[in-house]
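Okay, so subunit A shows up in both of these, paired with subunit B first and subunit C after.
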Partner chain A sequence: MAAPSLTPERRAATRQGPGRWSPRRLRRKTGTWGLFALMLLVAVVMLYPFWYIIDNAFRSGTQFDRQSGHSLGGWRELFANLPVAGQMLNSTLVCVAAIAIILLVSTTSGFAFAKLRYRGSGIVFLLVVSALMVPLQSIIIPEYINLAKLNLTSSYLGAILVYAALGTPFATFLMATYYRGISDELIEAAIIDGLGYERTFVQIALPLSLPAIATITVLQFIQIWDDLLVGLLFLPPGQRTITAGLATLSAGRTTSIPALMAGSLISAVPAIVVYLIFQRHLVKGLTLGMGK
Partner chain B sequence: MSRIELDAVTKQYPDGTTAVRALDLAVSDGELLVLVGPSGCGKTTALRMIAGLEDITSGTISIDGRPVNDVEPRHRDIAMVFQSYALYPHLSVYDNMAFSLKYRKTGKSEIKKRVAEAARILELEPYLERKPRQLSGGQRQRVAMGRAIVRQPRAFLMDEPLSNLDAKLRVQMRAEIAQLQRGLGTTTIYVTHDQTEAMTLGTRVAVISGGVLQQVAPPGELYRRPANLFVASFIGSPAMNLIDARFERSDGGPVVTFGEHRLAVPQSVLAAHPALDRHLGGEIVLGIRPEHLYDPALGRPADPESVISLAIRLREELGSEVHAHAAIGRAAHVDQATADDVHSLATLVARMDPRTEIAEGQTAAVAVDTAELHFFDKESGASLRG
Partner chain C sequence: MSQPEITAAGAAASARRPRRATGATRLTRRRRRAGLVLSLPALVLVVLLLGVPIAQAVYYSMTIWNGITATWVGPSAYLTTFTDPIFWRVLENNALLLLAIPFALGIPLAIAALLHEHVRGWRFFRSVYFLPTAISWVVIGMFALRFFSATGVLNSLLSHLGFGSSATDMLAGETSALAALAITFIWSMVGTNTIIFLTGMATLDPTLIEAARVDGLSRRQIFFRVTLPLLTRFIQFAFVMTVISAFSALFSLIFVMTGGGPGFGTTTLEFFVYQVGFQQVQFGTGALYGIILFVIMAIVGLVQLRLIKPSDGEGW
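For the complex of A and B:
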């Protein structure tokens, strides 16, 4: 017996038939539009501050007060009052050095925690991770006293060490989790192939952990670049980062909002660029260990 | 080429678990020895100790007469094929195969030559530039083999290398590994839990249970002359029927009885089981391979003394053969923990000619090839064969 089949006309009729606006389909469509509306609302809330910064960065003080007209007044004021290029360079230097230390420590210790068996490794790992729960504000004063005693508050080094110390626990946790996801057999294969643990780490583990390294780089870059407290406390005026520099703009009796907006805009650019470059890896890295 | 010897090798973990207990094993030059046993029996631990990936608690492992207990894995000159293949995902097939040679300071032209040769043997030539993720399971398995071959090591260690493949590919790769090993003549230790794989691949097969070596013998001997109840039940599919029975002497000569059944024991069998005499009038475990139960109606003559009447519970058609399941008095225990279950589910399986007309629900006359009976000590489980 031949299987029943629809003629092309009947198929078309079925497509346009009463099923098209069935209550179930209608509910689904309404749901989709509702979701879009909600997402649009969230997008507006998220993007408005950016628009506010861009809009007001291109105004002078009087134009800002009247909220009409655009000019480069804010930018002129910014460059007149702040060594923008120098402070951007300071920010870059502190960021790069701190991230380099964080990566060096977290990749090697993460590999050791994940793949080497030694007595007490679990407790040491717990201690490192527990450092995540200590808020910066609670240790900043003793930290400052310690570094001042070591005469490290007059150069980049103090701030770099503080940033590295703050970023390392989370980075170590992330790296250890990532390395635990790499099969032990892969490491053992390399050992049998003739490599020691050091070369196995460099040749096998490190290239495979690039997504995790990218994640740490982006997260730490954004955090260190945007940080104000450490920058203000641990860096001498001549070596301030751009974020700490911008804060000084509003330290006087009056604050020029357009200059501050222009400075914020210029300061946000590197973080956005780094994020855009690594965002694919970032998403991959943050969802690590969620499943196979 | 090399000889590997294990002398009273024991592995005990800090929590007190003994994974391998006083393992004695000698693998001769060019031999393919298969370690087989159920999951968690210690076979992989034994292999990892030979590789140097696990420390040895006591005993000695020697390669070519030289103890290697304290030798680093990389200096043992052995190659290992892992269950997950463990291919380096960021390297191409070529680089995966060449990897170890580069670190052993082999010349570039030699590396190229060896990789090309391995790729030719394993039919991997078109895939040399690909990454492992772009290969099928079978191809990845071949790359793992290739990585071992190019090293030209003293021995291959293989840890369940076929368990991730589907059934059809597994059979194909099994044949390829056997051919390859014979062609290269490299000493190989192969771990598997699959007894078919063990029987088809091994020059000799070592059966391990609970960390203890049960028997090591060529596959045929293992099947025909199992050393104890564990080997008898583990090797062979369907498994050997093991039945609690009594060994007695009647007017007509020695007999073995179980439930209401009674089988005459031929003189040849008695001669092969000299220890059986000691159990006269006592309980023993009787072993009958499923293929040694047959339908006498199909023409093969049967001695009336060796025909038993069985209530057929189930008839399984396999095309080339029929499995008939029958209820009997009592099945023997192999594992104490499940002894009660085994007793309550006492079933005897017969592997019969597909032409048999024995049907479910019927009480059928089934002949036993009594020349092929096995007897085991009920207490120790050891075979009563001399």
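For the complex of A and C:
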């Protein structure tokens, strides 16, 4: 995807193609500009909501009604009504803990399914990966009852476990696919050199799989940070994530729009930053679901 | 799928160390044990938090349960549901949302085709189009709420364009609210699906396109006769992902935009589970809707396995 296949051909065309203003070249040029204009239009449609949110986050209620003037009124109202810093911290904590669990179980099991097969490992793999098809809403009621009975919904733990379980099937699939690409000889050689299977995994396989680990981390971070349902049901109100907190604030219908836009903006920033830095990993993760 | 490779690897190991023939089997045994131990945590996590609840949900679905007392009613609970007009109203919303799928696939396909022309700045545009993927449905819904409201962006845009001051609140009518939800959904899927199609186009053999061009096919002809048929696998994948999203990822959007209303206008099955289960505290009926959703998703998933992995030798 990185190397545009047309570029060399184009370069050749400019060097030795027909004259600079030949009809054919002119047609091609207007076509190119047409495409560019079209892409610009799509960009406006995709970016407008961001502009709207930023523009209106810096207004007060009355400034919003008049649609003129900017101030920090919305921000002041937001911070008065929502423990923003605390909820951002909650989001971070839940994300980090859940991702840590996902990485731990998906790298070990992915390695086992790819390189340390045992009788029935194929079925176990199928079992784990097929859980991908379970929509959260289908199990949310028994899940809630179970975790509430174990007193896990009064702390971060319940939500962390649910997020971890939801992320594990795809992460395991991805890791197993990745480890299958590592040569068996490499693993065998490490074993024969006297490293145990566990140490072969930690010292050889794990460092090799850093790209896949990055993909899982980015994908899961955005998914968990942006999630509402689990954060809404499995966390006590005092420990809500920013996304859940914002949605509840909005559902109250008493907060002014600039305050909600300010909340939207600040809640979106971490995920956008992660996206901008790790875009490539995210893209890879989305399309890797197809297998090879 | 594992047996032949294990013996092959075992044979290779024993060939390397011919004097310790028993070493290979001991090694194999140890490998199997290590594999079992390393795969156990994932299995336990998934079985306890995803597998067991599914079984429980099946059981709960056949009870009437208000959170305190549960009464067993058996499979007839499903019959009761199937005669409930509200259930069909909700399912109808799900079916209507499927009408958004052609747009949620067609628009990204066109955009991907645009980007694939590699016009100057296409990388930048790709990043821009993909940006909404990082945004939560909550934030998207928050904007959509202002966009479609009576005093919102859409109405001021329409009056600027000379469509008069109709100033209708799209979220106030049942049908128009569902349409607003569908439009927001389509917008949100643009990034993901564009990336899938773009990845697909990158795998195409450029000489094939070149050959078609030499044969005198126009850009449009090349797209419909060469590119599109070669993208079938990617289109199927995007289709399944989009259907899954439409049925099980819109909770936050509905929660923020409409709360399922007006009436049951935008209540889909996944939102109904939440409403019935957690707002009305009817755990049994909520679980039942969850099971129906699961069955629908399982069918979609099986279709996906059929479509996407026909030639995969791994056996799953």
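Heads up, the rule we're going with is that the second predicted complex is superposed on the first by the 239 of 292 C-alpha atoms of A that agree within 3 Å, B and C clash if a C-alpha of one lies under 4 Å from a C-alpha of the other, contacts with A are read in each partner's own complex, and residues count from 1 in each chain.
Going forward, contacts are C-beta pairs under 8 Å (C-beta built on N, C-alpha and C of every residue); 3 or more make two chains touch, one makes a residue touch a chain.
Just so we're clear, the structure is a prediction, and the values are computed from it rather than from any experiment.
Engineer: When both complexes are superposed, which of subunit B and subunit C contacts more residues belonging to subunit A?
Structural biologist: More residues of subunit A are touched by C.
Engineer: Which partner does A:208 reach: the first (subunit B), the second (subunit C), both, or neither?
Structural biologist: first
Engineer: Given the touch rule stated above, what does A:183 touch, subunit B (first), subunit C (second), both, or neither?
Structural biologist: Touch status of A:183: first partner only.
Engineer: In the overlay, answer first, second, both or neither for which of subunit B and subunit C A:191 touches.
Structural biologist: So A:191 meets both subunit B and subunit C here.
Engineer: Based on the superposed arrangement, let me know which partner A:267 touches: subunit B (first), subunit C (second), both, or neither?
Structural biologist: After superposing on A, A:267 lies in contact with subunit C but is clear of subunit B.
Engineer: Kindly classify A:134 by the partners it touches after superposition: subunit B alone (first), subunit C alone (second), both, or neither?
Structural biologist: Touch partner of A:134: subunit C, not subunit B.
Engineer: So, does A:199 touch the first partner subunit B, the second partner subunit C, both, or neither?
Structural biologist: Only subunit B is touched by A:199; subunit C is not.
Engineer: Find the residues of subunit A that appear in the contact set with subunit B and again in the contact set with subunit C.
Structural biologist: 185, 188, 191-192, 196
Engineer: Considering only the defined contacts, which subunit A positions touch subunit B in the complex?
Structural biologist: 183, 185-186, 188-196, 199, 204, 207-208
Engineer: Under the touch definition given earlier, write down the residues of subunit C that touch subunit A in their complex.
Structural biologist: 1-2, 5-6, 9, 12-13, 16-17, 27, 30-43, 45-54, 56-57, 60, 111, 114-115, 117-122, 125, 127-140, 142-143, 145-147, 153, 187, 190-192, 195-196, 198-199, 202, 206, 233-234, 237, 241, 244, 247-248, 251-252, 255-256, 259, 269-270, 273-274, 277-278, 283, 286-287, 290-291, 293-294, 297-298, 301, 308-309, 312, 315-316
Engineer: In the complex formed with subunit C, which residues of subunit A make contact?
Structural biologist: Those in contact with subunit C are residues 1, 4-7, 32, 35-36, 38-39, 42-43, 45-47, 49-50, 52-53, 56, 101, 104-106, 108-109, 111-113, 115-119, 121-122, 124-129, 131-146, 161-162, 164-166, 168-169, 172, 184-185, 188, 191-192, 196-198, 201, 222, 225-229, 233, 243, 246-247, 250-251, 257, 260-261, 264, 267-268, 271-272, 274-276, 279, 282-283, 286-287, 289-291.
Engineer: For the complex, which residues does subunit B have touching subunit A?
Structural biologist: Contacts found on subunit B: 51-53, 73-74, 78-80, 82-84, 86, 88-90, 99-100, 103-104, 147, 151.
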